[in-house]
Every structure is written in structure tokens, then in C-alpha cells.
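Both complexes shown next keep subunit A, but they swap its partner, so subunit B is in the first and subunit C is in the second.
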Partner chain A sequence: MATTTAAVTLTSDLLSDNMSVSASTTCMKAGTTADGLDGMEYGYLDLITGDEYDLIGATPTASKASKLYLKNHSTDETYFIAITQGTQAIGRLYAGDWMFIPADFHDAAGEIAITANGGTNKICYALFHEGITKDASA
Partner chain B sequence: MATTAQINIASDIAPGFGGIIETMTLTQAGNIVDIDSTTGFSIRKLSATGAVDLVTMDDISNTVETKDSTAAKIFIRNIGYKGVIDKSVGVTIGVKAEPIGLLYGGDWMMMPLTGIDADDVTVNPATDDTVVIEYVMFYEEN
Partner chain C sequence: MAITASVSLISAAGDLVTNALTLSDSTTLTKAASSTALANTSGLARKTTASTDQYTLFKADEYTADKAHKLYLKNTSATATEFFTVSYDDEIIGRLYAGDWALLPWSATDGVKAAFSVTFANTWAENDTAVFDGVTITLGSTETTAAMVDLVVAAKYPNFTVVETSASVATFTAKDSNDLSLIEEGAASDDYVVTTGGNGTGTVARTVAPVASANDIKITPGQAANTVEYMLFYE
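Let's look at the complex of A and B:
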């Protein structure tokens, strides 16, 4: 079985006492406890301004247990990537920010779309999945 | 100390993949000033299917409101119930009416948020079995 683990350590001094949370999970296929995700797509690229782009250039199997990591590696703190799923704005990843989410890809409109703001953003992403259908060649 | 989050991903799916270790300091939008507000660390027990708000954007703590379209983030984890974590059953996390994905037992996520009113964070268990979600949101106060 392929094994993918994702761990996080979160600390903050915004409360009256320092907060520290650690969590780790093994990424399994949907609905199973014995079979791990076995596919991945990994990229590091420049994202130019002007248009919205699908992050994943293929169609992952919908409603499964995919996990998506995305980081904005830009160094100018005013730069950000706007994240949209379907028609819903999710949020912004400013320079240095990362996110890690379960990705549903429930239909063609469920794709994660990204838009660069401020200038060309440098991004890194990784999709861990359990099946993908490549886009047909034009 | 500020607010920081480090992710560490290890995987043997692809030969030669060296893993990912990255740390971010949560700052306000467009500058390097530390993010200044949080909901605090909370839990929410769910015992029935049906989407409910985990965070209502115009009602955070009933006292403050998030600044819109900035650098808000939320951490969410499915911690099961009474020490039992079922990795085969999940809770759908959504923003407004858009499902983001299923958070199975033990899984966690960190995502940015718009903070815009009505862009609420929702949770919808797949079954009626009791499950507990823990979460903390960081945002800029309006």
C-alpha cells in the first residue's frame, strides 16, 4: 500500500496562553481504512496575471478522498492567488501562504481555479488522489 | 511568536518525491504584519446529517466581524467521537453552498477564507453517527 502522511503544527500567541496544535493523518482512499491514496500530480510554476486557470489539468475522480496542497512561493507580500471552486470564491493565498484541503471535484464545475494578482506568482502544488482522467488531446 | 503553521507531507507514491516541509507565518493581507484575531480553538459535535454553519462570517463571537477578502485562514480537524476515529466516514466541509471536500476521521485541513458575509463555513456529516470537529479561524478584525 502506498502511504502518504500529512502533519501540521499550528502555534499562536493570540490567546491568553500560547496555543500549539499538532495533527497527523494518513491519507486513505475514500471509505477505506486499509488502502492509501496511490496517485499524485506535482508542479512548480509561474502563474501570470490576467486570467483564471484550472489548477489541475485533468479530471480527478469525483467525490473521492483527494487531498490538495498549494503554496504561493512569491516573495512580494502584496502578491496573492485568488482561489475559487466552481463559482464560489474560497479565499486568498498571499506570498508564503499554503493550504491543504480535501478536494471533492464533484463535477466539471468543481475544479479548483486560481488567479494571480499583483504580478506573476510562483506556485507549488501537489494533488494526492486515487484516480485521474487525463484531458483528451485537442 | 505570532501565528505559524508548518506542514510536513511524506509520500512514497512517486519514486524520488522528497516530501514537502513548509512553514507560513499568518499575516494580514498585503503586508507582513501578524494576523490579529482568532475565533479561539473550538469544537462542534454533530449527530445528524444536514449542513450547518461551523463559522458564520457576520457573527463571529457575536462581537466582531471579519474584514472581507483579506488573509483569513481556518484549520479544521475531524477528531471522531470519544476516542474512536472512523477513517471510512467523513464530514463534508463547504463554503456557502459549495462543497470543498470530505474530511474523514483523523483528517485535517487548512484553507484560506474570504471572510465575506454569507461565505460561511459549513459542515455536513455523511451519517447520523456522532462526530466531533475541532477548528480555529484566524482573521483580520473589521
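Let's look at the complex of A and C:
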């Protein structure tokens, strides 16, 4: 079984007492403990400003347990990537920020799209999925 | 003060791919376009759902839009088939199955809250009433329009805020942009009901049309009982 372990730790001294929250999970296929996510797409690239781009140049199987990691490796704190899905604004990843989200890819409007702001942003992403259909050659 | 978010994605050699894979990162969650740390948190919360209805965890109206907010979510279930669907309003982001966690950015794009004004005129008599949002104002004596506005503004409404915009006008604003009800306009509104024995009038005019927030964070359990842990870091 393909095993990918995703772990997170959130620590903070915001409150009167220190806080630490940790979670670790094995990325499994939807609804099973017998089979892990066995597909991966990985990229590290410069994202120029001006246009919105689909992050994944393919069509992952919809409504599964896919997980997407995305990090903004920019160092200028004013740079950010705007993330949208269809017409829905998801949020912004500023320099150094990362996200790890479930990704449904329910249809064409379910594509994750990204736009660089401030200047060319350097990003890294990894999609763990249950299957993918490559886009047909134009 | 700082919030540190660390992640590791690890797969052993020969497991997912031939070579071992390790992606790890640690970052301080900062405010938008700044090196200053995010300073607010909702605190860690836990909610057990009771049905497969959609639940709203955070309302975009209550947070500043287009900042660097981050949301932590975890499905605490240990049953592999149990999941909940994460949505930003009605846009499905994805499913978190048992044990899965996520850290999501959130734009918190606001909607537009409905607003309307009531213009009071003439003289309001003893026992005249103004009824709105479950609140009834009954006059104990004859009042001027200015005094009437003062009374209206002093009242507490469950779903609206109200301010005095002139000596004769009070303006109401909905607390929630998802309240899309349109207040009937005119001097005989069925929504803002004035009952006067004399010549006092209260005339309603809509000033802002509502637009629902499309960015509330919601979850929909795949089964009735599902426990989610969540925490928001925000500006």
C-alpha cells in the first residue's frame, strides 16, 4: 500500500498559555483504510503576474480524497498568490505561507486556479490523488 | 507573539515512488504583506454534528476580507468511510475523511448587508407604536420626531443595527449579509409597522440592496454524527 504521511503542528504563544496542536494522518483513498493515495503530481515553478493559471494541468478523478499541498516560496512579504476555484475566492498565500487542503475537482469549475501578485512568485505544489486524466494534446 | 505552522509530507522509499519523499516546511503565520505575526485566533473548537445538514463554521461578514487568514480543520472520526465536505459557501473544496486534516487560506470575502431608513414626521402621540424585528416601541407621551428617532436608536434589535442619520431619520443595517429579506418601503410598510393615533408617520426607504456573502466556511457531514476540530487564525 502506498503510504504518505501528512503531519501538521501549530504552535502559538498568542494566548496566556502556550498552545500546540498536532495532527498526523496517512493519506488514504476515499472511504478505506486499506489503500493509500497512490498518485502524485509535483511541481516547482515561477509564476508570473498577469494571468490566472490552472495549477493542475490535468483532470483528477472527482469527489475522492485528493489532497493538495501548495507553498509560496517567495521571500518578498508583499508577494502573494491568490487562489480561486471556479468563481470562488479561496484565499491568499503570502510569501512563506503554505496550505494543505482537500481537493474535490468536481468539474471544470472545480479546478484550482492561481494568480501571482506583486511580482513573479516561486511556488511548490504536490497533489496526492487517486487517479488523473491528462488533458488531451491541442 | 507568533504562530508557527509546520508540515511534513513523508513517503518511504519504494512506497509512493521509488525514492523516499520528504516535504517539510515551517512558517510563521503573518499578516497580509507584512512580517508581523497574525495576532488573533478563534481558539481550538470541536463540534459534533447531529445531521447531514450543512453547518456554518465561520461567517465571512465577521472578518476582514482579503487578508492572510488561515483555517485548521480536522475530522476526528476513526471510521474510514466517515467524511465531511468542506465548502466555501456553496463551492465544494473537498472531503476530509477520518483522521484527515487541512490548513486552508481564507479570503473572507464579504457580502453586502441590507440597509433601509425610516423617516419620522409630524407629532407622535401617546400609545403610538413602531414595531420592527420583534421590538415594539410604545410611546408613553407625545414625542417630537427627534425624540422618536432617539427612542428607535436606543432600542436593541436582534438582527439589525440602527443609527441616527439625521434628527428625523434612523437607518437600519442588517447584521448578516445572508439576510436577503427586502423591507417593504413606504409609509404603510408591513415590515416596519407604525401605528399612530395622530398625524405621526414613519416612511421606509431601502438604501442598500443586500448581496449574500459567498465565502462563509461550511461543512456538510456525510453522516449525521461527525466531529470536527477547527481553529481560525485571523487579522
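For this structure, a couple of remarks:
Operating definition for what follows: the second predicted complex is superposed on the first by the 138 of 138 C-alpha atoms of A that agree within 3 Å, B and C clash if a C-alpha of one lies under 4 Å from a C-alpha of the other, contacts with A are read in each partner's own complex, and residues count from 1 in each chain.
Just so it is clear, a residue touches a chain if its C-beta (ideal position, glycine included) is under 8 Å from a C-beta of that chain, and two chains touch if they have at least 3 such contacts.
Source: prediction; values computed, not measured.
With subunit A as the common reference, subunit B cannot sit beside subunit C without a clash.
Once the two complexes are laid over each other on the shared chain, residue contacts for A:71 go to subunit B and to subunit C alike. When both complexes are overlaid on chain A, the residue A:18 reaches subunit B alone and has no touch with subunit C.
With both structures placed on the common chain, the touch criterion links A:8 to subunit B and to subunit C. Across the superposed pair, subunit B and subunit C both touch subunit A at residues 2-15, 19, 21, 23, 25-28, 30-33, 37-38, 40, 63, 65-66, 69, 71, 77-78, 80, 83, 85-94, 96-104, 106, 110, 124, 126, 128. For subunit C in complex with subunit A, the touching residues are 1-12, 15-17, 21, 23, 25, 27-30, 32-35, 39-41, 43-44, 66-70, 72, 74, 80-81, 83, 85-86, 88-89, 91-97, 99-107, 109, 214-215, 231. Contact residues of subunit A toward subunit B in the complex are 2-15, 18-19, 21, 23, 25-28, 30-33, 37-40, 42, 63, 65-66, 69, 71, 77-78, 80, 83, 85-94, 96-104, 106, 110, 124, 126, 128.
Against subunit C, in their complex, subunit A makes its touches with residues 2-15, 19, 21, 23, 25-28, 30-33, 36-38, 40, 63-67, 69, 71, 77-78, 80, 82-83, 85-94, 96-104, 106, 110, 124, 126, 128. Across the interface of their complex, subunit A is touched by residues 1-14, 17, 20, 22, 24-27, 29-32, 35-38, 40-41, 69-73, 75, 77, 87-90, 92-93, 95-104, 106-116, 119, 136, 138 of subunit B.
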